[in-house]
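Okay, so chain A shows up in both of these, paired with chain B first and chain C after.
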Partner chain A sequence: MADEEGYLAVSGERITLQRRHHSASCREFLVRCPRLQLRSLSAVTCSVWLVAYGLFVLCQNSVVLSAAIFVTLIGLLVYLHFVKIDQESLLIVGSLGIQMTSSYASGKESTTFIEMNKVKDVVINEAIYMQKVIYYLCILLQDPVEPHVVSEVVPLFQSSKPRLDCLVEVYKSCQEILEQNKKS
Partner chain B sequence: MVLKVFFPACCSLAESGLLVGRWIPEQNSAVILAVVHFPFVPGQVKQYLAEVHHVTQVEVSVLGSWTNSKQAKEENLGRFLEDLSTIFSHDPWIQLSRKQGSKFWSCSTIWKHPSGDEGDETTLVYYDQRKVMLSQLHPPLDSEVAAASSLDRKVENASRLMAMFNTVSQSKVLFMKDRYDEGPIKLTHWQSEGVEASIIVELMKQASVPACLLVTFLLSLVSRVCQSRALTFWPLSFIWSKLSTCQQLRHRLQHLQVISSPKKAPDQSQLMRKANIFVSILLDVTLGILLMSWLYRKNRIGHLANALIPMADHVAQQLQDLLQWLMGVPAGLKMNRALDQVLGRFFLYHIHLWISYIHLMSPFIEMILWYVGLSACLGLTVALSILSDIIALLTFHIYCFYVYGARLYCLKIYGLSSLWRLFRGKKWNVLRQRVDSCSYDLDQLFIGTLLFTILLFLLPTTALYYLVFTLLRLLVVLVQGVIHLLVDLINSLPFYSVLLRLCRSYRLASGVKFRVLEQEAGKPLRLLMQINPLSYGGVMQAYRLPTYSCYPKDSWGSLCKKLFVGELIYPWKHKGEKQD
Partner chain C sequence: MACRRGGNHKHCLSTTSPSISNCHKLPSCSSRTHNICMVSDFFYPNMGGVESHIYQLSQCLIERGHKVIIITHAYEDRKGIRYLTNGLKVYYLPLRVMYNQSTATTLFHSMPLLRYIFVRERVTIVHAHSSFSAMAHDALFHAKTMQLRTVFTDHSLFGFADVSSVLTNKLLTVSLCDTNHIICVSYTSKENTVLRATLDPKIVSVIPNAVDPTDFTPDPSRRDNSTITIVVVSRLVYRKGIDLLSGIIPDLCQKYPNLHFIVGGEGPKRIVLEEVRERYQLHDRVRLLGALEHQDVRNVLVQGHIFLNTSLTEAFCMAIVEAASCGLQVVSTKVGGIPEVLPDNLIILCDPSVKSLCNGLEKAISHLKSGSLLSPEIIHSQVKTFYTWRNVAERTEKVYDRVAGEIVLPMGKRLDRLISHCGPVTGCIFALLSVISFLFLMFLRWLTPDYLIDAAIDATGPYGAWTQQYFRKKRETLNSNS
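The block that comes next holds the complex of A and B.
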């Protein structure tokens, strides 16, 4: 019960959207971001090392070279563990809530679960990002005191930033489940 | 409406029996707590559940039946289960059954009053009973505030999962039964290790009561001595308030009083606070004793004392050189020679006084250091505070120079600004707090302009002295600030919570996460509920211990303004006091 489709991200990269229908009221969407490119990795490493070598030639201090190696290694670790997100998933269970998971390239996962009684709606919003207008999917949270007020907006798929056609697919499925939930 | 069944994962291998748990009607969910095994007397089960309800205040009831079939004898069992539902009447009656070797369970519910939506689904959520029982749910801070502000709505808006967590943690009594206890009914649920496993803990609990009483008694004695009249009359009390060591000691005294109070902590956060304080003090004292053992080995104190005097001399020599440089033509600037000489001689005399004071003290310094070093056994923070105080005392001359320079500079700036107003035919109206125009006499204008010129031409000389001594003062303040930050860090870090997060991450939960297990068409949806641990930042935010010391309240901008105008700056600690 899983189908996969290719889409484009806002920046033009290829992303894949995987849909899993676990049951009538439980669906999961996985957006896989592009992998880390060997080309960019080697470019960054080479540039850092070249700069370090230039400094070494200037000041004849070999500490610079070892520092450059450490900087690249630690930078790579930090990038993989805290910055680079491989895959983002959205699990929506009709009676329970919405769960967002982003898995980092190192395997670390960060999960947020929002209970259904706090969710007001799921909408597609637009925002100005750098020099262009992009669309993004977001969850509106209900204010606990006044039920008509939106207290918070939680954006979804923040790192992969899919284009509108992909967002509409997810949006429709989410609305179906929210409708079911409201009916009962 | 979807029916949710929270099922403890440890019961999935239990033999057939009855499901015992709590039904939460507003969420349409059932929290299963245990399974009662088959040979039982219905009356006894009901009585037992009533007892549990009485003790825990959780509405525990029989929710349905559980079949773990190993052989194919379903025919008669089906009828038997239906009979059971008439004995223990519950709406809805949940029938869970598991076939041998199959991962997928079937679940059917029987509603006594069939409503419209008959084709309802069931969601099975597995949870780890032990982790859920022990974990402490931390809702996000802003929602907590909102919930507290509207108490009447709190019940309906409270987190739904909170109800489930509370149910499990409140029915602790159910789980605390011994494994080998032959009661009238047999239950399957998460088993605690029993009392036998923790004899040491029990002994420590017994011993802690007299220990706490003793500590409380000693503390009351100490605090009475501290508050006695001999120590609180004016000059002494002023000195106490300025010494950071005294403040640190007072802070630690309060901490000890909190720990040793014989009253039981009312709620979880207070308990955590006590544990955090305890671990913090323990760590502090351990580090202090380590420092002490390092200091007193190989006569390091003596070396330190011997190095201190030449260092003070060296600093004084450097200052003298600096003053000589300022009295000449510093950086090619041409100063007002007379004022320059006066100021320089004044400061040189001061340094001379300081050096003689240090040399007077030199025979005693080693002894003083030796005794002061003993205080490190009270904790690293106390030792650090003493270090900060010693730095403050040893750089007293720099402080004096700074104050003189700042006062002089401040006076000049104020004089200049008011004379500048006179120059423009205006004056400061104190009553209205504004600048008004004013007509001056010719004499007034003449004198004022003359004074303005004199002040303006003398300003660079004073400004230079002020600048140099302010930089020196800032250096000292920076060092003291770093020491205070370190002390603050040890005082405020919640070590116990961080350790708990590191080793037993489920104890501090920020929420839950679900994993979808394998599915089969026609069978209920199966989810695995796991605990989402609190992030380290969240731990810090929730359990940070309050400290006495205040961070710099004025921003960098206001600090620069103060420096420019010539107001006195203090190390970070005293600043808060002054503003209060």
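The block that comes next holds the complex of A and C.
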């Protein structure tokens, strides 16, 4: 069972939220960012090469041109492998825990898992980010020694940054599962 | 946008009015609620008069059904967004502090964040505090560019002669010439501000500060009646006239063997008092307490019989009201707005000189010895009615209502006003700056259009998460009672 809806990110990009209901206490949320656009890729490449060509005309040294080619290639690789995240997912299993996965454009995946007994709550918080004030979803981890103290805050969907309406959807589903868990 | 806002108002009134008619204790909602944004560099955890003024005023405005947020700069690790009592939301913005807790101003670097906050909180009135605060002036400037209504409260008096005053006065002229309304804390302060900023006195209102009378109650049992104790609570700086105090102490101590001084506060002039204490061997009679927390002030005040204030300049002296509220006889210098603060039977006014202050204190001591002083309870019950925050909030609300009906100067008129009002050179410079800020705003609107900014969830005001809870709770208790 899966349904998909379009939302906006804080930056104004279109993102999609996919919800999969595996069972009553197991849900998965996938936030998909737009893929790398050919337009922006060619714009960046063109500008780097034009600057390099300008420098070449000025100093008549062809090393500049070859350097520009390498810079674009390596830059693109690094960007795809370490920076650009295509998809972020949140898998919440009532009795087990919460797993966050982010998949990079190159196919690399990084996964973090948090056990349910460490999770205190899932909340929406506000933060000042760059020159903006945004809402974000985060997991509160409880201190193992004192259960009332929040030891750490783990932000979710860090790269896609969905807007509040999308966050509220995810938040409500998460709370349902956490409620069930508390009752049992 | 405007019509949507108007619709909101009608809607919100219809939702809140039944709850109000149910509970009698709640103050009635005014005909119109505002989204108010207080801006100042000075707010808690920093301590002082401006800080407590902003806090108390905000609390009372929330109680009256308005939405209030506060913007200030980050204090060490306290940055981001915090909620205080009753859902008062405070933004601690990460801006660099320059001097004396005031932020650096380039006039533009704070604009993206401030604009974002004004839009997401749907602010309608920007209320800036204190002329020392660069952030307050920045916010006023941006708010005017964004066509929001502006109110400014001035908390201090200034001179006209020295270089720094001339510069700040010029800045104030520029900042206030197109502000909708200005609030001063006393008539002296109003006169001063009108002259400094060459304003039309019609747009300047006087709303005094207030004290919380429940915090400052008399307790005569704490006094030692075998001696006479004079209390001084102030920052130990030149402006507070500590040099006068250092002249008074040895004179009076020689005359009255059972006279004691308690001095609360910290500052660069402490060394002067320590010298005096050393030279005249008064260690057992002059106690220097150092910096006091606000909640300790009352405990110090109630130990004394007479309160002495030696300020050289003061817009509105909170300290003497607090002291009178604790039932002390007040002796003070006759400067600034002090003469209008308390009625003549509660205060002895003197010229700011050692001789005159000594005469005033001797008069107070002779009153005390003859027993003709009013009892602390009587003084307290009198003072209690003078200055309350509810009254301040009510009067401030009237200013907001008036401002909400006014128009904000459009760009062209604003430029005219700046050039005609602030002199040819400064006027032109600031007209240019306001054009740049307008273009910058256009750029920001292009970069992140208003519709991409999430409207924040109200903590206070007619839709507020906190206030609705409060209303509901009140209703439940009333229902269970009846």
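Criterion: the second predicted complex is superposed on the first by the 184 of 184 C-alpha atoms of A that agree within 3 Å, B and C clash if a C-alpha of one lies under 4 Å from a C-alpha of the other, contacts with A are read in each partner's own complex, and residues count from 1 in each chain.
Operating definition for what follows: a contact is a pair of C-beta atoms (placed from the backbone, for glycine too) under 8 Å apart; a residue touches a chain by one contact, two chains touch by 3 or more.
For clarity, every value in this text was computed on a predicted model and none was experimentally measured.
With chain A as the common reference, the superposed partners chain B and chain C fit together side by side. Of the two partner chains placed by the overlay, only chain C lies in contact with A:128; chain B stays clear of it. When the shared chain is aligned, chain B comes close enough to touch A:115, but chain C does not.
Once the two complexes are laid over each other on the shared chain, residue contacts for A:175 go to neither chain B nor chain C. When the two complexes are overlaid on their common chain A, residue A:12 makes contact with chain C while staying clear of chain B. In the superposed model, A:47 lies in contact with neither chain B nor chain C. With chain A used for the fit, chain A forms the apex of an angle whose arms reach the C-alpha centres of chain B and chain C; rounded to a multiple of 10, it measures 100°.
Touch counts on chain A: comparing chain C and chain B, the chain ahead is B.
Note on the superposed arrangement: chain B and chain C approach each other to a least C-alpha distance of 16 Å.
Taken in their complex, chain A has these residues touching chain B: 1, 20, 22-26, 28, 91, 93-96, 99, 101, 111-113, 115, 117, 143-145, 151, 184. The touching residues of chain B, counted against chain A in their complex, run 1-2, 4, 28, 117, 121, 123, 125, 143, 146-147, 149-150, 153, 157, 159-161, 511-514, 516, 519, 525, 527, 532. Of all residues in chain C, only 79-81, 91, 93-94, 112-113, 116-117, 120, 448-449, 452, 454, 456 touch chain A in the complex they form.
Residues 8, 10-12, 126-128, 131-135, 163-164 of chain A touch chain C in their complex.
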